[in-house]
Structure formats: C-alpha cells, structure tokens
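In what follows, a structure is listed as structure tokens, so that the remarks can point back to it.
Order of writing sets the labels: A, B, C, D, E and F. Residues in every chain begin at 1.
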Amino acid sequence: MSELHTVNKSPFEKSSLESCLGHAQEGSAVLLLEDGVYGAAKGAAAVEAKMKAATGIKLYVLGPDFKARGLSADRLIDGVEMVDYAGFVDLAAEHDKVVAWV
Amino acid sequence: MKFAIQINEGPYQHQASDTAYFFTKAALEKGHEVFRVFFYHDGVGNSTRLTTPPQDDRNIVNRWAELAEQYKLDMVVCVAAAQRRGIVDNGEAGRNGKDATNIHPAFRISGLGQLVEAAIQSERLLVFGD
Amino acid sequence: MSEIKKFMYLNRRAPYGTIYAWESLEVVLIGAAFEQDVSLAFVDDGVYQIMKGQDTAEVGMKNFSPTYSALGDYEVTKLYVEKESLEERGLTIDDLMDLKWEDEDEDWAEKDSIILVSREELSQAMSEQDVVFSF
Amino acid sequence: MKFAIQINEGPYQHQASDTAYFFTKAALEKGHEVFRVFFYHDGVGNSTRLTTPPQDDRNIVNRWAELAEQYKLDMVVCVAAAQRRGIVDNGEAGRNGKDATNIHPAFRISGLGQLVEAAIQSERLLVFGD
Amino acid sequence: MSEIKKFMYLNRRAPYGTIYAWESLEVVLIGAAFEQDVSLAFVDDGVYQIMKGQDTAEVGMKNFSPTYSALGDYEVTKLYVEKESLEERGLTIDDLMDLKWEDEDEDWAEKDSIILVSREELSQAMSEQDVVFSF
Amino acid sequence: MSELHTVNKSPFEKSSLESCLGHAQEGSAVLLLEDGVYGAAKGAAAVEAKMKAATGIKLYVLGPDFKARGLSADRLIDGVEMVDYAGFVDLAAEHDKVVAWV
C-alpha cells in the first residue's frame, strides 16, 4: 500500500519532518502544509539535505500555505511539486491512506 | 470517494481547523462524500455559537455551519472532550446541571464511537492537528 | 462494511505535558468494542507514555498509565515500540511497564503485549494498515 | 515580591494552566503578592463555568476560582482573545448579540492593557504556554 | 510606579500556523500607549513573521504583516533580528520587509527599525530587559 | 541582571531547549518543567552533551514533573538540581526576571 504523509510543523521548530521522512516507505508521498512548508524552501542547508535524501518519495507542498508565508515558487527545492487544496484532495484519494505527523 | 475528517485543535489558535475546512470544501466540490467531520481534543471549540471574531477576520464557526448546511455534513463533537472544555448542548446542560448552552445548532455532541465508526465507514481518514 | 480493518494508533507525544496521550487512549478503549484489528505504535516521545513508575501525585493530574495494563482485557494486544526512539532517549525496554495479555486460545497463557521493533519494521507495519489515527 | 502571571493555553489540552496554578498557589502560600493572573490566547478557556471534567480528574476552572476567592486574586480574561474563542460575560453578550454567557464569576473580561499594566506594576512576569 | 521599564517581546514562532505572532502584535500595539522602552526580538522561526511578500488570499486568513510597518507610528522602533536565525533558514535581510520609522528629533528622518544582531548581541540585549513577554 | 529561563518542551520534539541554552548568559539559570524535564534525564547522549556544555549556567528541574513522567532522582544528569513549586517561586524571586521559552 502507498501512503500520503502530511507534515504541518516547521522543521526548525519540531522534529515531525525528520520523523516522517525516517518512516516514509519508498513509493509513498509527503505533503508539507501549514508551518511545515518551510521544509520545502531552498537555502536552509540542513533541511534541504534531508529533503534531498528522501529518495523514492514524492514530495509536495501546499501552495496556499507557501505563498501565505511570503515564499514564491522560485524558492521551491527542486523536485517538490506544488498543489492547491483540490490537489491535496487528489493526493489523499490516490494514496491508500493518509498519515498525519502532527 | 468517502472521507472522514478529524480535527484536534480549536479555532484561531492553530491553523488546523482552517486547513480541514478548505480540504473538506475542496473534496465536496470535487463530488467526493464526507461521511463525518469529528471534532476532538480542543477541536470541540470550533462548535461554539458564542464566538465574535473581528470583522476583518474569517468566522470559522459560521463557515463550518454554512458548509454543513450546503452539503448536509454530519459534524460531531466528542462528548468527553466537550465536557472538559465547556461545550454544552441542551442534553449536556440538563445532565450536568449547567445553566447555559453554547453549541451551534449545526453541530451535535456524541461519543468517541462516532470517530471509530467514521474511520470504518470511510475510505480515508484525515487528521488535522497541532 | 463488515470487513475487519487494520487500525493503528500512532503515539508520538509524551504524557501529561499535553492531553493527547490520554485522549488517544480513550479512543483505543472505545474503539475496542468495534472489533477491528488494532495495534498501537509508540514512536518518538510516545515511548514515554508507557514508562514505569509514573507518579503524578504532585502535579495533581490523573496517573493514567495503569490503563495501558488493562488493554489486554480489551483484546488490544499489539503494542509496537520503536527501538530507535528508545535508544535516542537513553531508554531500554526495562524502563517500560511490563504489559501482558492472556491468550484465550492457549489456555490463557500470559504473553507480552510490547513488540520491540526497528524503525524499518515499524514503518513496514504502518504501511500495512488501513487507517492510522494521529493525536 | 509582586508577581504577574500570564497563561496562554486552555485547560486540559496543555499542562500550562496546571503549572501556573501550582506556581501561583506556592507564591501566595509563601506570602508573595500576585498582582494579576491574565488569561490570553486559548488561555481564556480556563474561565468557562460550563466545564464538567470527569469525576476522577481535577476541576481546573473551579480550582482557579477557589484560589481567587481565598486570596482575592484578580483574574482577567483578554477580551479580544475571548471573542475569538467564545468566552462571554453579560456585557459581551449584550454588545455582540449573544443569547448566553459562559464565564465563571471568578473571572472578568478586560483589555490587553491589563496585561501590560500587570507587567509594569509587578516585579516579575511569568508566562505559561505551549 | 512611574519609572520606565524595558520591555522585550520575544517572537519565536512562524506566522499563520498558529495565532501567537498576531496576538503578540496586538499586545505590542496596546502596550505602546504605556510609553515603556519597547523592543521586539525576532528569533528562531520568529524571523518568518516579517518576511516580504506574504499573500494569504488562498488560506482565507488576514495578512497582518503590513501592521509591522505601522509600528514606527506607535514609536516602536527597535526590532532586533537574529542573524543566526536568518542564516539557519537560508534567509538574508533582503528577504525581510523594509521597516522604517521617522525620527522626530532629526526632522522626521527615516531610519531602519530592523537591527540585525548576532545571537550573542541578542542575548545581551535580552539580559538588559526588565520584562520579556513570550507568546 | 540575571535571568531564570524556563523550558517546558521535550528536547526531542522541539528546539526550545537548544534555543534557550544558546541564549542563556553566564550567571543565569535554566529550569526544565513539564515535558521539558526529559532534558534533565541521563542517557540521551545528544541532549546530555548540550546540558553539560552549558557552563556557567545553573540547571534546575521541576521535581513534580520529573516524577510524574516515571523519572526518579537517580536519573538526573549530574549538576542538575531538583526543586518543587515553592523552589520554582524562590528561583523566580531570586533572579531579576523570568524568560519563558514556550
């Protein structure tokens, strides 16, 4: 089965992203939302390295949350795809279950 | 597809209820079914009719109520969590000797079994929390 | 739907600082009546939930840790504990409560409820679930 | 010594209100003065008289109310935070057209200036939050 | 007590995910009327509060970032931003809003409100305060 | 002036302890409480190292919270002193101000 994992906390404040990536199986997807979107922004070496090490995992970021925080699309880490709420719904439907790393 | 939604945080303090709202709305607009929205932990705070947010801000409680009316959503507030946090309907007021109620009529108070049932009956459970 | 679903309760928070651990356990107890295939996962700070010797007298809160010992009576018998989470916190399985259940099929033999697993095994078990509850 | 106490989280969900209570009680028992306890953010939820916690659990709201009575504590709930989260007294109900109130009489609703004043008038401000 | 106290508002959280940033700003605005010696510190994720280009249209929340630009009018003119916090997040001062105040004593000359400081300088400034507000 | 810093979050979950220790000046004190008390328990190499590196800072833990979480006094990291609520009040009074790393 394939999972959609969601992370809504800043990787600088909480360990949720690290824990999520440590448990996500190959073939699963991770969606960053709310304060979790900071994990998808370029330039923070430590976090960027963790995201890039997540091989075999598809990475997404919730666009509305990314933009709310003053981050524009050109700041996205390569390989992270932006979705809106409708795209979030699609991701939840396409994967067999959703695991929230709250 | 049939979704169940669980909300663990109250309005305004955390974005959880906002995100859950936009997810639920998008799912319904795409023609999916939302079997139930279950408010747990501080999430029960989303159901009070006594909020008066600033005029230039969203009204989280009313927004849920309007979505529920439009799509006949079942919005359930956990009774145990509600008792701890002072969310009361007529039945609860009677049982616990309270002199007022504060629940918005779009919501109903019920047991945790409703969350488990929602997870069984739905194809996906989504949890929005802190 | 009459099929049995695989339910995992994912516990990643310490007890007492927040109510999540306790209100999660309340769902497990209620959920037991629905006769699904249930497991609990203790990951990250969640492993602190089942520490031995909790004594809440001075914080004025209810010590709910004995409730974990009762889970076997509710036929909740699979408690996955992640080895890496224990190690990062300097804990071993001896720091945890000795949680047991009685196997009706083997003349009520006492068995361990705690299943020590690696992160990889836990991830695998999680991927086999139908539903994961997070609190 | 004169203390001011700020509480940022509601009852039960976080331990903040418990810790603040035991700190305040210990300070008063040592003969210190507590100028004011100010409830902010979700902390306003500590002031509702509608809670009914389980019988084997502490009653956080009543515990504060009893401490306040014993020591004549000034317990203030931020009006802006209260409006967002549905904490209402008679005045607020009248102004905002609400049909019920839920505040416990041991608390009073007032402005954020009361927090700033408490910080000015006291020798120490202690913040309890998430 | 008529003496002026040194007040620091310590902001360590990102905006929007939680309300702390906004409700902290509400205290700053109200507190300005009390004429104390006020400063704001942006540390850890708090630096995200004053990012340029915030656009909350799609999340349905109020964009409160313009309020920081108004702080100068309230005579709140010292906004310490921690360099290390910016760097850890891959940000520079150019990613932040250009916050100014007008100095009445120098014919309303425009001056920068943001004071970029090292962790050590921030810690030193914090230690000189009478009161630190945390949200 | 000397500060009493308080940390109420687990160092494994949140970055509050690290940030607090990074800002605490020599001569100040740090009190761990609520879920923050895990930072005062022996055995977690990474956290213990951070606590031991905090030279010139007096470290305290709130005993009621330590015990609630199943931690006994023999688990305390060397040099950390245990206080009760009355002791917390004394610490707040003895230092010039209190800074909460919530």
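Rule of thumb we're sticking to: contacts are C-beta pairs under 8 Å (C-beta built on N, C-alpha and C of every residue); 3 or more make two chains touch, one makes a residue touch a chain.
If you're wondering where the values come from, they're calculated on a predicted model, not measured in any experiment.
Undergrad: When you check each chain against chain C and chain D, which touch both of them?
TA: B, F
Undergrad: Can you give the shortest number of steps from chain D to chain E, where adjacent chains in the path must touch?
TA: 1
Undergrad: Give me the set of chains touching chain B intersected with the set touching chain E.
TA: A, D
Undergrad: Which is it for copies chain B and chain D: same residues on both faces, with over half shared, or different residues?
TA: Same: when the shared numbers are divided by all numbers used, the fraction is over half.
Undergrad: Quick check: which two chains are joined by the most contacting C-beta pairs?
TA: Of all chain pairs, the one joined by the most C-beta contacts is B-D.
Undergrad: Comparing centres built from CA atoms, which chain ends up most distant from chain E?
TA: Relative to chain E, the chain with the farthest C-alpha centre is C.
Undergrad: Based on mean C-alpha positions, I'd like to know which chain lies farthest from chain A.
TA: D
Undergrad: Based only on mean CA positions, could you tell me how far chain A sits from chain B in angstrom?
TA: Result: the chain centres lie 26 Å from each other.
Undergrad: What is the distance in Å between the mean C-alpha positions of chain E and chain F?
TA: The computed centroid separation for chain E versus chain F comes out at 27 Å.
Undergrad: Give me the residues of chain C that touch two or more other chains.
TA: In chain C, 16-19, 44, 59, 61, 131-132, 134-135 touch at least two other chains.
Undergrad: By residue number and range, which residues of chain B touch two or more other chains?
TA: 8, 12-13, 15, 22, 41, 57, 80, 84, 125, 127, 129
Undergrad: Tell me, which residues of chain A touch at least two other chains?
TA: 8, 12-13, 15, 34-35, 64-65, 84, 97-98, 100, 102
Undergrad: Okay, what are all the chain pairs that touch?
TA: Applying the touch rule to all chain pairs gives A-B, A-C, A-E, A-F, B-C, B-D, B-E, C-D, C-F, D-E, D-F, E-F.
Undergrad: Chain F touches which residues of chain D in the complex?
TA: The touching residues are 1, 3, 8, 15-16, 19, 22-23, 25-27, 29-30, 32, 124-130.
Undergrad: Per the contact definition, I'd like the list of chain C residues that touch chain A in the complex.
TA: 10, 12, 43-44, 119, 122-124, 126-132, 134-135
Undergrad: Which bits of chain A are touching chain E when the two form their complex?
TA: 8-10, 12-13, 34-35, 38, 41-46, 48, 63-65, 67-72, 84
Undergrad: Would you tell me which residues of chain B are touching chain C in their complex?
TA: It is residues 6, 8, 40-41, 80-81, 84, 111-113, 115-117, 119-121, 125, 127, 129 of chain B that touch chain C.
Undergrad: Inside the complex, what are the residues of chain B that reach chain E?
TA: 12-15, 18, 22, 56-58
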